[in-house]
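Multiple structures follow.
Two complexes follow with chain A in common, the first pairing it with chain B and the second with chain C.
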Partner chain A sequence: MSKNTTKRINIFLFLLPALFLFVAILVVPIVSSVYYSFFNFSMIDASDKTFVLDEKEDTSTVVGDALTAKETDDRSFFGKLFENYIELFENKNLYDMGKALKNAFILAALSVFIQLPLSLGLALMLGRGIKGERLYLSVYFVPVLISSVVIGALWSKIYDPSHGVILFILEKLGCADILPAKGLLGDDSTALLAVFIPTIWQYVGYHMLLMYAGVKSVSPELREAAKLDGATDGQVDRYVVIPSIKQIIKVSVIFAITGSLKSYDLIKIFARSKYDVPYNVPSLMLVKNVFGGHGGEGNAIAVMLIILCFAFAILINWIFKERDIYGGKKHSKQQ
Partner chain B sequence: MAEKSILNNSNLEMYQVKKTNKFVTVLIYIGLIIWLIIDLFPIYYLITFSLKSNDEIFGSNVLGLPRDWLFSNYSEAMSRGNMPRNFLNSIIVSGATIIIVLVAAIMATYALTRINWRGSKLMNSIFMLGITIPIHVALFPVYSTFTKIGMLKNMPYTSLIIPYAAFGLSMAIMISTGFMNDIPKELDEAANIDGCGTWGIFIRVIFPLMRPALATIGIYTFLQCWNEFMFASIFINDSAHKTLPVGIAELQGRTTTDWGVVGAGLAIATLPMLIIYVFLSRRIQESFMVGAVKG
Partner chain C sequence: MKRILATLLVVVLVFSLAACDKKENNTAGTGNNTTTNAPSSSSEGLTKDTKADLEMWCIATESDSNRKSYENAIADMQAAYPNVNFKWEAFENESYKEKIKAAMAADEVPDIFFTWSCAFLGDFVNQKKVYCLDDVLAKYISNGDLPEVMLGNTTYEGKHYGVPLTMNIVGLFANMDILKEVGYTDVPGTYEDLIACCDKLVAAGYYPFGCAGGETWCVTEYLESIIEKKIGADALNDIFLGRASYNNQGVADSVAIMQEMIDKGYFDPAGASLGNDDIKANFMAGKYAFYMNGTWNCADFAANEAFFPKVKVAEFPVIDSAKSQLGQLIGGPSDTLAVAASSKNAAIAGEYAAALGKLICKYGYLDGAGLPAWKVDYDDSKVNGLTKKVSEICAAAKAYVLFGDTAMSAADKDIYLSYVDKVYSSSVDGAGFISGLAKDIR
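Then we have the complex of A and B:
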């Protein structure tokens, strides 16, 4: 056996476990999601399986064999091909994907414009060398470790319309009237905000930690030089620290946006509490449709989610590169 | 005279480090403490109401420390759900996932960074795509495949371990690439001269030196699967195999009247993590930083 062949076999063997997992759980499902998304198929109940968690939802098992091509004649070829996608937006009673996407985008925007500045602020404040820095840092990070399920359950108690803490505090302040009758979670107009507050609470610590690591990696000489030139602490942060942690801010923005698009656990727990507000977000819709007799549409949502996540990742990379006058090339080389 | 002193002053100022404004410092502390309170309040509320009776939670003592410390809530939560079992299941699933991720990621990283071949860069960026791909995508296709081959019924643990491992892989490869690049290549060459083959170098030289990476990847992967809810709630249908997040969600859904018991259940699920964090806070924080900062 030639040396080259041995090398190739070795490379293959070293990659094998990772490749197997990657292909089986990521590549094949993506391809098959795209495929399924062009068909109509319903799940046929094949066993007595039940989702104990969701008594309301369909309890059927998947039978992927029942694929049938869509049969509508009044549309063009592409119209037929993408019928599931079109259906998701047009059939507002059944799906209303437009609303779900809008909600997801609002969550993403809130994360980027409220959560991240808050994290950055905390990271900059801690980065100045405050007494007890480590303690603050460690405590701020605690919610990141708590499972979203626990956070969802905890906050639905906090929001509870008849015994919750928020109600109690507002009653003490004498302004309980501003609260919707069904609580923040139960009202259509405030539900999204009510979902967002625990999300900030949970993830500010995470983004703060990333940014803090960046702030701390700014060399002290650079700070000193700027201060010798007469910069105030605020100016040092603005003109020295923030530009040098741009790459980390980029990662945070990408994580915040894709995280909002994917968010499931917390909203699922809220939705299961006895509120009748339909929590319309893509991930919940995906699960509901895929296991509720609308397999084609469900897979179309999955495909849209992948495309959106990639599109945002590319967009954010591009935005940060464009303005990065001096550091852009260097950074891309490092990777 | 007056002009001169102004000149002197401005000259001096140019080369003087500006003193940190006391007022700003006070504001900073106030800001930090406010967030500290916001951060800790829900946890404080959880711990206190997990020890109270409904009577206290609902009116007579909403925010204070419990008057009667009802530790019975905890034993009640333990017996009402299937908590010990859920705990064990979570440990089994996370443990197996960590081992698979570690082995697969370090082997792949070795092939990607230590062996020279065309396409290694491309392969690496393909693996990195996995960080952006939402886990939801796999949900239905994997579910239907696993149903067909009977894995959901016969090997419930495995049906969770495989997707968890696949989704932990990308981050693990990224983290271990950072660590492996720090190991000097000269070591490989020296070992090669001493007669080690590719596998020998990997097992005798690289793997032992990757120990810090093992901890970092392990912690990161652990948190991901310990808290995972979507797959766990859909793939596992018999109560004997349910993981902790699913158990908690059920306890919360079923027990709507006794808040104290629900609170105790939530606390039981959370406390072990917090205790580990107290001892390993630096390590845990590092494992989160490494991934994002090196990427």
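Then we have the complex of A and C:
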């Protein structure tokens, strides 16, 4: 056996445990989700499942004395195969995946355009070494440490339309009438924003900490050089610090978008045991369907989420790579 | 009281059993004032020396009306069987429904678990996840402790799979202090009178009803009562049990009635985002005149000395007398303990669950958290007046329709509750409700 072959075998053997974990923890669940999304079954007994193409066409159902005629099944092969996926979008009364995805995209947009700039602003401010830096850092990070259940319960009390904090304050100010009668969480026009505010607030500190670490790693010499050239604090941040932490910002954007697409815990707390909420998101639908006897549709949602998260991660990488003037592929070629 | 309960059981025997499956209508006695059975004497397979580790999940959280009865019953059991290492955990009602299904799917159910009867338990029985309790319950049935009629909703293909606890119905609770302000000394007995009363309440600045939109099952308490009193119990049973389609004009009309009540300001709009505990607290604080919910609430109302004298309970009035009548009720024996087939100590767990269920039933009834599913062989003279009134209502019952989300399978239940939510938020009308359910369920 040549030295090269031995080396390759050694590399393979060293990589094997990691490969095994990668396949077992990531690949197998994804593949099984894709597989199960083409079946109709209940999670209580996943062995009793029917492949969507094997489902017998039921043109009429006798129910007691009533005969309910169903429409003739004239779907194409792919229409039948992707039945669970199509049903999620077509049956607006039951699933309305379109609305859930729209809500998730709104949350992702709010995260990128409100949450991250806030985090960046705080990180830049603290990165300048202001007085009480450590205290502010801890205070901003506290919401990340608190359980989502606690945050949900806390904000539910703030929003409570009978005895909530917001109601109390507005009553004192004599303008409680501006609150919707159904409450901020109950009214369709305000519910979405009411749920997203704490969701965004919760992770401002998390992204701030990531960016703060980046800001602190920027060489003080760079800052000083810029200052000597007459740059203001704002200009130093804009032209020196932010370009230096672009990779961290990229990671934050990926986390913010994929986190928004997968958001569940806090939204579930606000939704309580309600089955139809204006702030429905894919993960909420996923859990409801998987454990509500609609395993096929639940897995179809899971597959869509996986695809979306991967797609966004790749897209963000591509966007940042194209515009990266410090370490990107384009820059390397120029050298 | 005993006579009322005996009558009640006969009525349940004849009408309730909205039948999950085949039922054996054996008559069963009740009401004999014999001596109280200690847990040990009523469960032959379980002795003071029995050693086992048992775990139970239930929904008797701190705020649940049944909490005290569980605590008392478990304390009795632990004293009677000190060598059984019994651990229990309580979860919030709706989240428990998801938790238990997930646990079933993963075969990680505790030895004993709380469940709702009929289709909810039926789904698990069909998957062979539940231990058959025929042998365990046989002695209780033969000695008259457990009327077999109470097992109707937990019997599948002739086999018993659940230990019934208490039975409850949906009651129309009224705050009489508020009603007196608009000239009523009793709960309105007819639908027209109820509507007139609600109009007066609205004019006086009160919300007639409080309904927790944050917990969809609370909305069903209203909607199902209206549907039942519009189309009749038999028609509603046929729909819930799969013998008829939802495509029923009477159901659409009932939805229209409820939505008209919402539009007329009969319901507190803030309820759209509140949970049941908040709504109940508001009712007890005098914010609403009426509160439609399960009669297990009698325990909490009776425990509040200031509020108890103000509250009365009645059944929802008849809307269409050609199809419905008083005595048609929503409810029945639903709360149940079952044993996991995967339990390492299934036989002991079955014995323990039966003895525990009997005690929970006793303490629950004495607290007012429900009517007894087991024979009353103890002094019940101190049961609160509200629960006694519920007994009278049940004794005069002509038919029962089990709670919709209990009567139907898990898959159907979620679809049904989604549509019920849309009714309360007025995002679907009566026609949309029946056509949608007919398409998505039947």
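Please note the rule applied: the second predicted complex is superposed on the first by the 263 of 335 C-alpha atoms of A that agree within 3 Å, B and C clash if a C-alpha of one lies under 4 Å from a C-alpha of the other, contacts with A are read in each partner's own complex, and residues count from 1 in each chain.
By our rule, a residue touches a chain if its C-beta (ideal position, glycine included) is under 8 Å from a C-beta of that chain, and two chains touch if they have at least 3 such contacts.
These numbers come from a predicted model, not from an experiment.
Visitor: Which of the two partners, first being chain B and second being chain C, lies in contact with A:D233: first, second, both, or neither?
Guide: So A:D233 only meets chain B here.
Visitor: Counting only touches as set out at the top, which of chain B and chain C does A:A313 meet: first, second, both, neither?
Guide: In the superposition, A:A313 contacts chain B only.
Visitor: With the two structures laid over each other on chain A, which partner does A:N10 touch: chain B (first), chain C (second), both, or neither?
Guide: first
Visitor: Check the residue A:F291 against both partner chains and state whether it touches chain B (first), chain C (second), both, or neither.
Guide: It touches chain B and chain C both.
Visitor: Report the partner of chain A that touches more of its residues: chain B or chain C.
Guide: B
Visitor: With the two structures laid over each other on chain A, which partner does A:R272 touch: chain B (first), chain C (second), both, or neither?
Guide: After superposition on chain A, A:R272 lies in contact with both partners, chain B and chain C.
Visitor: Between chain B and chain C, whom does A:G214 touch in the aligned arrangement: first, second, both, or neither?
Guide: A:G214: touches chain B, not chain C.
Visitor: Return first, second, both or neither, reflecting whether A:V142 touches chain B, chain C, both chains, or no partner chain.
Guide: It touches chain B, and chain C stays clear.
Visitor: Once the two structures are fitted together, what part of chain A is touched by chain B and by chain C alike?
Guide: Overlap of chain B and chain C footprints on chain A: residues 61, 64, 272, 274, 287, 291.
Visitor: Tell me, which parts of chain A touch chain B in their complex?
Guide: Touching chain B from chain A are residues 7-8, 10-11, 14-19, 21-22, 24-26, 28-30, 32-33, 36, 49-53, 61-62, 64, 121-122, 125-126, 128, 130, 136-150, 153-158, 163, 165, 168, 201, 204-206, 209-210, 213-214, 217, 224, 227-234, 248, 251-252, 254-255, 258, 261-262, 264-265, 268-269, 272, 274, 283, 286-287, 290-291, 295, 298-299, 302-303, 305-306, 309-310, 313, 335.
Visitor: Would you mind writing out the residues of chain B in touch with chain A in their complex?
Guide: 13-18, 20-21, 24, 28-29, 31-32, 35-36, 38-40, 42-43, 45-46, 49, 57-59, 62-63, 100, 103-105, 107-108, 110-112, 115, 117, 123, 126-127, 129-130, 132-144, 147-148, 162-163, 165-167, 169, 173, 198-199, 202, 223, 226-227, 229-230, 233-234, 237, 244-246, 248-250, 252-253, 256, 259, 262-263, 266, 269-270, 273-274, 277, 281, 284-285, 288-289, 292-293, 295
Visitor: Looking at the complex, which residues from chain A come into contact with chain C?
Guide: 42-46, 48, 61, 63-66, 68, 91, 93-94, 159-162, 181-188, 191, 272-276, 287-289, 291-294
Visitor: Quick check on the complex: what are the chain C residues that touch chain A?
Guide: Interface residues on the chain C side: 93-95, 98, 101-102, 104-105, 123-124, 126-127, 129, 213-217, 238, 242-245, 247, 269-275, 278, 282, 287, 409-415, 417-422, 425, 427-428, 432, 436, 438, 440, 442.
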